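Heads up, the next two complexes both have chain A, just with different partners, chain B and then chain C.
Our next item is the complex of A and B:
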């Protein structure tokens, strides 16, 4: 883990700008995946809201920077605002479960997109321009890379901390059995809302970085539900509810998508789709879970594990 | 007679047109084992749900050491020192046995700010007590029914309750397993926990309880020492059926 962090810090000193940009994308998706993991992975509430808060943060940074505020200051305001909105929304929608909750969070993202499309302060459907960053491409590529890395490290550390403390245990208990969780003394409503807020502040922050880098925002760009879907797929690929899962998933998925795009330009989406189906079928709990299980039981049990995963679908 | 720790006054719970529990009074005294019996659908579990906040009674009040608790949520009631087990066991299936019990030790009564490491140690003690320590690293879903019942017990004990409500902990167990469960419940009482137990098996209720309350169609029809209650004609008819009542008549 430490080595990974060092590698990420040193990456810009020996890489071309396009590689750095690639890793910036990986970090962005990793942030969304980690955030989704709080509510979807640990707590078991399948949320499509990360895209909503990503867009919210992006617009907060755009509007405030246009008004002359400092970039980093807008990130703080954006994430705080995202957290507050999540708190207000979480209390009613976290009463829903399963599909109903998923659809409600879907609605949240759509609602914000409509709002950004129609308000004057967001520039409506025409979009909004941000002040351009000064300096050459070498400088600003690194500036945005390190900004994104900073957010990712923050999200990762918070997740690491949460999974090792009471809060994380409480969230997992809710996922496993909400009635039993309440009966062991867990204030389930409070814990779910905390998880939802945590899953919102980091996407909002990452949205701010994205906005400054893009220099121009359109509602359809940042309130794209694909951001949420990517976050979910990558967490599932890496390992739902694990600390490293979202990062491993984001890394593999981004490079896999790149490779497929290069190798099968016309059909790359189809191949990606097939791979997603295979993941859900054979390793529903993700790569990290498989690796853990293999460490415990030995490589020979790979076959039986995959088989037993598929057998869940027998009627 | 020792003090009342938990009291119900006129507890009534309706589901649509059905009155599941009807104006039930009860008193649970410190250190006793109170049996709650009655045929299927008598309202035993509903009464338990009203005490633990899973249902809120339409009328009446629940008093914990004089304080009204019937409007509190389940987690708040657990934190006040009332734990329960469920008739259908409610484990955290994909967590280990130790993690299951750790949850109780992390969040139960008087556990504000409890640390994970300390909760794990407390959880190990409870696993030792119920005889599951050698299964600590197994997943809860891998346990047999008897083991899962004991896990359920360890989990609720880990919340350090003063009052424990047991909902048919012996259902589905074989005679040998029941014997283990009975001595476990007695051990828990000796540890100073007051117990209310719902039970179907007469043998168990006779051996365990100091007093018994009988529910029938949501109403309390008898209360007293087990021997007395089980010879009450109304109880025999209601609980054991007319056929059994006639048989008892012939025998005596």
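Our next item is the complex of A and C:
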């Protein structure tokens, strides 16, 4: 883990700009995946909300920077605002279970997009321009890379500590059996709301970085439900509810998929769909679970492990 | 007069909305699957009608059985071959699986059909009745009536036929149904196929009055979300009520807040209903 962090910090000093940009995308998706993991992975509440808060943060940065505020200041405001909205929405929404919760978060994301499409302050469907960053391409590629890396490291560390803390165990208990968790004295509402807020703060922050880098925002770009879907798929590929899962998933998807299918960019979303289907059918518990079992049992039992990961139901 | 016209428009729209949501509600109610492919079936049904009309000049209303049959078979195969394998896994799995399938199908549809908006334009497309200054387009009325007939047919099927009763029994108590000799795998596949067929027929109807494109499916899907949440699950009357309410809310929202916010009002109602009454207006078990 430490090696990985050092490699990520040193990456810009020996890489071309387009490699750095690629890693920026990986970091962005990793941030969204880690954030989804708080509510979807640890707590077991399937949320489509990351896209909503990503867009929210992006628009806060855009509006404030247009008014002349400092970039880093807008990140703080954006994530605080995202957290507050999540708090206000989370209390009623988290009473819902299962599909109803999923639909509610979907509704929230779409509602935000419709608002951004129609309000004057967001520039409506015409979009909104941000002040351009000054300096050469070498400078601003690195500037945004390190900003994104900062958010990613923050999200990762928070997740790392949460999973080792009372809060994390409480969330997993809620996922496994909410009534039983409440019986053991866990304040389930409070825990769920904290998880929802955590899963909203980091996307909002990443949205701010994304906005400044893009220099132009349209509602359809940032309130794209695909951001949520990608976060979910990466987490599932790596392993739902694990610390490294979201990062491993984001890395594999963004990097390897790019090399394998770079020739068919037109069909990118179809390939993502195929990967989703394959993950659900063959490695529903994610790669990290398989790796962990391999460590325990050795390479020889690869076949049985893979087979035991695939649950089949006779109906 | 304006209010009366909007009221008529809302009711006509509401009938179509009900028809759009009924299949979604059925699949959710029986199998607890949030079927992301639902909007896709609608879209494909619309394209069946469009291509039959464009290539062979088939009247759109005669192509309804074709799109229903095609999508029933596709739905049956998808459920039997894929979704049945994970239907007992945490419910999130089926959601994400249908999402993956949706991405594949929509991408292929864009490739084969292009992203252009299409409308079926039969010779009678512009006919309308008008009296006392009210305008009632003929096609909208036809769609409304057929949509209601379709919904009634589904209701009849579930209430009266042997298969329909098996579907309802499965929904009410899975284990007992199985003990009574119901082949669950088959019933699930039939239910999913039915949902797809009703969706496709609704899509065929929609393609006559409205423009469709491969990405319209998301709009159909989100309408289904809203309607089922308002009306309550797996309940045909609920879908009708939800459809009408959404039609009214959207049209009057557009009148008072401006047409741009029409969809936002729909989502706001969705979130409000979930806050206040998550089971919907008529949320009950069973289909009676």
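Criterion: the second predicted complex is superposed on the first by the 301 of 315 C-alpha atoms of A that agree within 3 Å, B and C clash if a C-alpha of one lies under 4 Å from a C-alpha of the other, contacts with A are read in each partner's own complex, and residues count from 1 in each chain.
One rule holds for everything that comes next: a residue touches a chain if its C-beta (ideal position, glycine included) is under 8 Å from a C-beta of that chain, and two chains touch if they have at least 3 such contacts.
Since the model is a prediction, treat every value here as computed from it, not as a measurement.
Asks: Touching A:102, do we find chain B (first), chain C (second), both, or neither?
Replies: In the superposition, A:102 touches chain C alone.
Asks: Touch check for A:258: first (chain B), second (chain C), both, or neither?
Replies: neither
Asks: Considering only touches as defined above, state whether A:16 meets chain B (first), chain C (second), both or neither.
Replies: Neither: A:16 stays clear of chain B and chain C.
Asks: For A:126, is the partner it touches chain B (first), chain C (second), both, or none of the two (neither)?
Replies: After superposing on A, A:126 lies clear of both chain B and chain C.
Asks: Looking at the overlay, does A:169 come into contact with chain B only (first), chain C only (second), both, or neither?
Replies: First partner only.
Asks: Who wins on chain A residues touched, chain B or chain C?
Replies: Of the two chains, more chain A residues are contacted by C.
Asks: With the two complexes superposed on chain A, say which partner A:115 touches: chain B (first), chain C (second), both, or neither.
Replies: Once the two structures are laid over each other on A, A:115 reaches chain C alone.
Asks: If you lay the two complexes on top of each other, which residues of chain A touch chain B in one and chain C in the other?
Replies: No residue of chain A touches both chain B and chain C.
Asks: Could you list, by residue number, the parts of chain B that touch chain A in their complex?
Replies: Going through chain B, the ones touching chain A are 52, 54, 73-76, 78-79, 83-84, 86, 90-95, 99, 102-104, 106-109, 111, 114-116, 155-156, 158-159.
Asks: Taking the complex as given, what residues does chain C use to touch chain A?
Replies: The touching residues are 28, 32, 34, 82, 84-93, 95-97, 99-104, 106-108, 111, 184-185, 188, 218, 222, 225-226, 229, 258, 260-261, 263-264, 267-268, 270-271, 274-275, 278.
Asks: If you look only at chain A, which of its residues touch chain B in the complex?
Replies: Interface residues on the chain A side: 164-166, 169-170, 172-173, 176-177, 179-188.
Asks: Contact residues on chain A for chain C in the complex?
Replies: Listed in rising order, the residues of chain A that touch chain C are 40, 44, 46, 92-93, 95-96, 98-100, 102-104, 106-108, 110-111, 114-115, 117-118, 124, 225, 229, 232-233, 236, 266-267, 269-270, 272-277, 280-281, 284, 311-315.
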